[in-house]
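Dropping a structure here in structure tokens format, bear with me for questions.
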Amino acid sequence: MSEKIFNIDDLQNINVEGEKYIILQIGPSHPGSGHMRIKVWLDGDIIVKVDPDIGFVHRTSEWLSERREWIKAVPIVERIMLPDTVHANLAYILTVEKLLGIEPPPRAQYLRSLVAEINRITSHLYGIGIFGIFLGSSTVYMWAFGDREPFIDLMEMLTGARITTSYIIPGGVRWDLPNGFKERAETVLQYMERRLKDYEDIWVKNPVVQARTINVGILKKEDAISLGVVGPNLRASGVYYDTRKHQPYAAYPNLDFEIPTMKNGDSYDRLLIRVEEIKQSIRMIRQILKDLPEGKIVADQIYNQLNPVMKKNYEEKKRVMFPAFMIHMRPPPGEATAKVEAGRGEIFFYIKSTGDKYPYRFRWVTPSFRNLPFFTHVAVGHRLADLPTIYGSIDYFPPEADR
Amino acid sequence: MNIKDELLKISTNVVIDEKKAHYKILIEDPAKLLDAASTLKNLGFDHVVSVTGVDYPDKVEVIWHVSSYSVEDLKGINLALTFSVKKPEPVNHNEAQGNLAGKRPPVTVPSLVKIWPSAIFNEREAFEMFGIIFEGHPDLRYLMLPEDFYETWPMRKDFTYQRAKVFIE
Amino acid sequence: MNEVRKPRDPVTGHIKALAKGFKYLLEPNRMTLDYPAETMKLPPNYRGFFTVDDKKCIGCSMCEMVCPPEAITMVPRIIGEGGKTLPAPEGEKETKGPKRTKRPVVNWGKCIFCYFCVDVCPVDAFIPTQVHDVAFEKDKDYRPSYEEYLKPPEEPYKNAKKVVSKADLKRGVSYEPAP
Amino acid sequence: MNFIPIPLIIWLIEDLLYLIIFPGLVTILVLVIIIIWLERKIAAKVQMRFGPLWVSKKIGGALQSLADLLRYSFQEAIIPEKADKLAFILAPGLMFAFATIALIFIPVGPYYSALFPSYYTILFSVALIIITPIFAIIVGWASDNKFSFIGALREGFLLISYEVPFLLSVVSMIVIFRTYNYISAVQSQLNFLPGIILNPLAALTMLIVMIRTTGRFPFDITEADSELVLGLFTEYSALFFGVGMATPYVELYNFSLIFSLLFLGGWWPLNVNVMNPLYGLFLPGLIVVIKAFIVMAILVFLRAVYPRYRLDQAVRSGWSYVLLLSVLSVILSIVEVRFLR
């Protein structure tokens, strides 16, 4: 088992020659692989070595974004991280805002946090559902994907689209809260709180799930730190780190919330921490809807550039239209980095501007890419049937890792 | 601990913008890179967030963005450890060199995987995208590109691609 | 967090899981929309197919410039005198009468419905609709001409029951007939 | 009409009736189609959705399985180049055949008895049921596919670990009823108490073994799709695949018949002593099949609740808890026979 501390030299030392091992190519068209290939060396039923081969859905998002106007990168980054669209959008816009020097008004900050937390719940439900089908429980899969629906409906009500919202723009957000949103959100949150108890009975505390996940895929705290694992997987190993606390953005400095951490770092902890984070997100959404400040939803720098037709629209329909600045945006030369805690972990952006109409260097790292060491390190020593457990528990999403 | 002083001990060329959480160390000498990385790791920067290159007409800049999970004061800092390397002169295509040959020869920098194991996949990506050979990396293969990708280093600025001309309805 | 992690003993766990499954088997809880038989009436800001108001459009090409997938093309149009098409005079500047201008046409095969174009329009000339579930039979159909573009795709399943979704404490989402 | 000897006609066509129509092939086919549909519907109901619907919308999509069967029948059968072709083609058929043949020793009424009336029907039927998984192993080996091969290995492990408890649970009922014959076993239940009350441990063991042998959740290990694609049947297509997928349901039917005969009192509450076409032949059989159907429905409901165990966990529990349970059930039977009766 993975009791030993990770050592980089192990990668070379594993002897994989000879007929002793069965080499399984799991993927890229396999029910348990996603859009990737996992090459597994098996000694009987025990995994000796795992080589994740990613890149099957590499969509050259960095290349494309470096050859487009700044605003056009928003849909690109969203489509890479489909379950976490708002976070990808937010991370990119935060970086651009740092370059531009724009600070959005408080109401926009709260709305950003609101839609980000709704998105986090859908992302965790997505992860729990995929974990369910990997262990063979179609019920949890269907339940989790069904329960995404009320939250996606909320996103649809607020932003006009279900998944690819493109809601956050430099300087603010595109739409204000519609009428009846608060009541609907409260109903949905109460529904979800009730459902979490049912999930506990049929999934989290199910003896079969406990047998399958407890002490499977242990990632120790030291390993989690040295391998640079992110998000709920990091916190399940006992590291107290969350970008929302340590590099606060949007409305998070004003919100009261906890960062759940676990001790053991096994698959069961990684499952539990997602459930706990859903509870925290519910708590945060309530706070946001209660404390939502009045005011503009877009920074004055943007608002002042709106023409009279757009201003009329802003007053009547609570809708921010784009001034021509959005197309011809040329952030001053410089570099900026930003981190955002998405549902699966931390998104990192590094953008270099030369004052041109395209970004000079557009670099971003997605959480799933940084969770790749789970395959090479954690899966070794387990049984073949534990590979889907580990895969599902880290909530790995291949298109996101490939970018 | 004043982070600025500590960083200045490593290199004189330090850019700090606390408001944007933008910290940058520039290192010129390849011999000092490993020392600088070890010092940073001892300071508490325990993992690599991203390894990337930036392609300039005459040089390639390699950036290790590092951050900390273990030291409370450093958790809010994104530090860019930057190392510039001059591009070698373009050489003609040489079959014997296989994949790595072509008009855009690769550059060589020391690998920091031994210090930060979290850089392992990141360095593989920087290798295939920018043609940065990380010396000492245990497993330097293409990560996302297919094994037989013939046009090397797609993220360099002079990379062009052929639009598909056939349109099938 | 250890109280969360505490495992349940197997006998209780099995009984509780089976009981919960049986409860869900018996109680009415279906949250699916019987889609082609019932269709949703979507919120007014839903981003569906959209068309352009020929009268309002000033042909400024902003929408073409902002379009992320480059789905919008500006087609030349001659307006004035009832939109009658006239041959363009060579190298001559027009002062009155028919005027040459441009109009956007969206390639629905490329459009991603981000509505950047709708928002960037300085005269708010785009007319959004909530139609989203349209299938095109031919490749040509999703590359309309300007005249075809002025009539955006119509909603399929016209006879379907119209419902609106509503948050429900029991089922998450329930559907009630649209007003 | 007095001169037509009805028992004689029945005696003449009985064998045919038994094997082809009821409870033989036709009933199996109908029941398998219904149980697959019911399985999907039950799962869908727990999962808050419709389930199969659009094939025959008015009756809730009940014809969905029939449509699937038709589709499999007319699909192109692909045989891999490197497969052991004879074994590849024969093994699913033999698997299905042996699962069906076990029926000839299972009576569904006091006079509507097995094809080969014998004093040892329990032993014969159990022996034939145990043969079936061996062909599953041949299926996995013949495909020349790593996933099928691993599936076959898993099947082998599980087969061995759950055979002993199964036999012991049957033995404990034999000890109680002091007979190797289903009809006598049912008669003694009709006279006293159903087997499930006499020996609940044996009933529980039998249920677990049924879940395991027919690959229901949480023991759906040989076909674990997140690891092994489709397990044994990864390379199969067309009717071979359909037959292979239907075989576990046939086995489930056999097991459920045995369960209802040994534990649920057979044709209880009907106690018939007359050789009558309706009361003597058809009605007892119907009662037994309905009981078996209820048992099947309960077992397919488990899909909606459980994920699957890991191979080593299943094997370990097979050799420990379930074996212990079965040994205890034998002891319980001996004690009951010694002291109660």
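Order of writing sets the chain letters: A, B, C and D. Residues in each chain are counted from 1.
In the analysis below, a contact is a pair of C-beta atoms (placed from the backbone, for glycine too) under 8 Å apart; a residue touches a chain by one contact, two chains touch by 3 or more.
Here the structure is a predicted model, which means the values were calculated and not measured.
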Pair of chains with maximal C-beta contact number: A-C
Chain whose Cα centroid lies at the greatest distance from that of chain D: B
Mean-CA-position distance for chain D and chain B (Å): 62
For chain B paired with chain C, centre-to-centre distance based on mean C-alpha positions, whole Å: 42
Centre-of-Cα separation between chain C and chain A, whole angstrom: 25
Set of chain D residues in contact with two or more other chains: 46-49, 304-306
Residues of chain C touching at least two other chains: 17, 20-21, 24, 31, 172
Residue numbers of chain B (touch at least two other chains): none
List of chain D residues in touch with chain C within their complex: 42, 45-50, 53, 301, 304-306
Residues on chain B engaged by chain A in the complex (per definition of touch): 20-22, 24, 46-50, 52, 54-55, 63, 65, 69-70, 75-76, 78, 80, 113-114, 116-122, 129, 138-139, 142-146, 154-155, 159
Chain A-facing residues of chain D, complex: 43, 46-49, 146-147, 150, 217-218, 220-221, 224-227, 229, 303-313
Of all residues in chain A, those that touch chain D in their complex: 22, 24, 26, 30-32, 45, 132-140, 142-143, 146, 202, 206, 208-209, 211-212, 383-388, 392
Residues on chain C engaged by chain D in the complex (per definition of touch): 17-18, 20-22, 24-25, 29-32, 34, 171-172
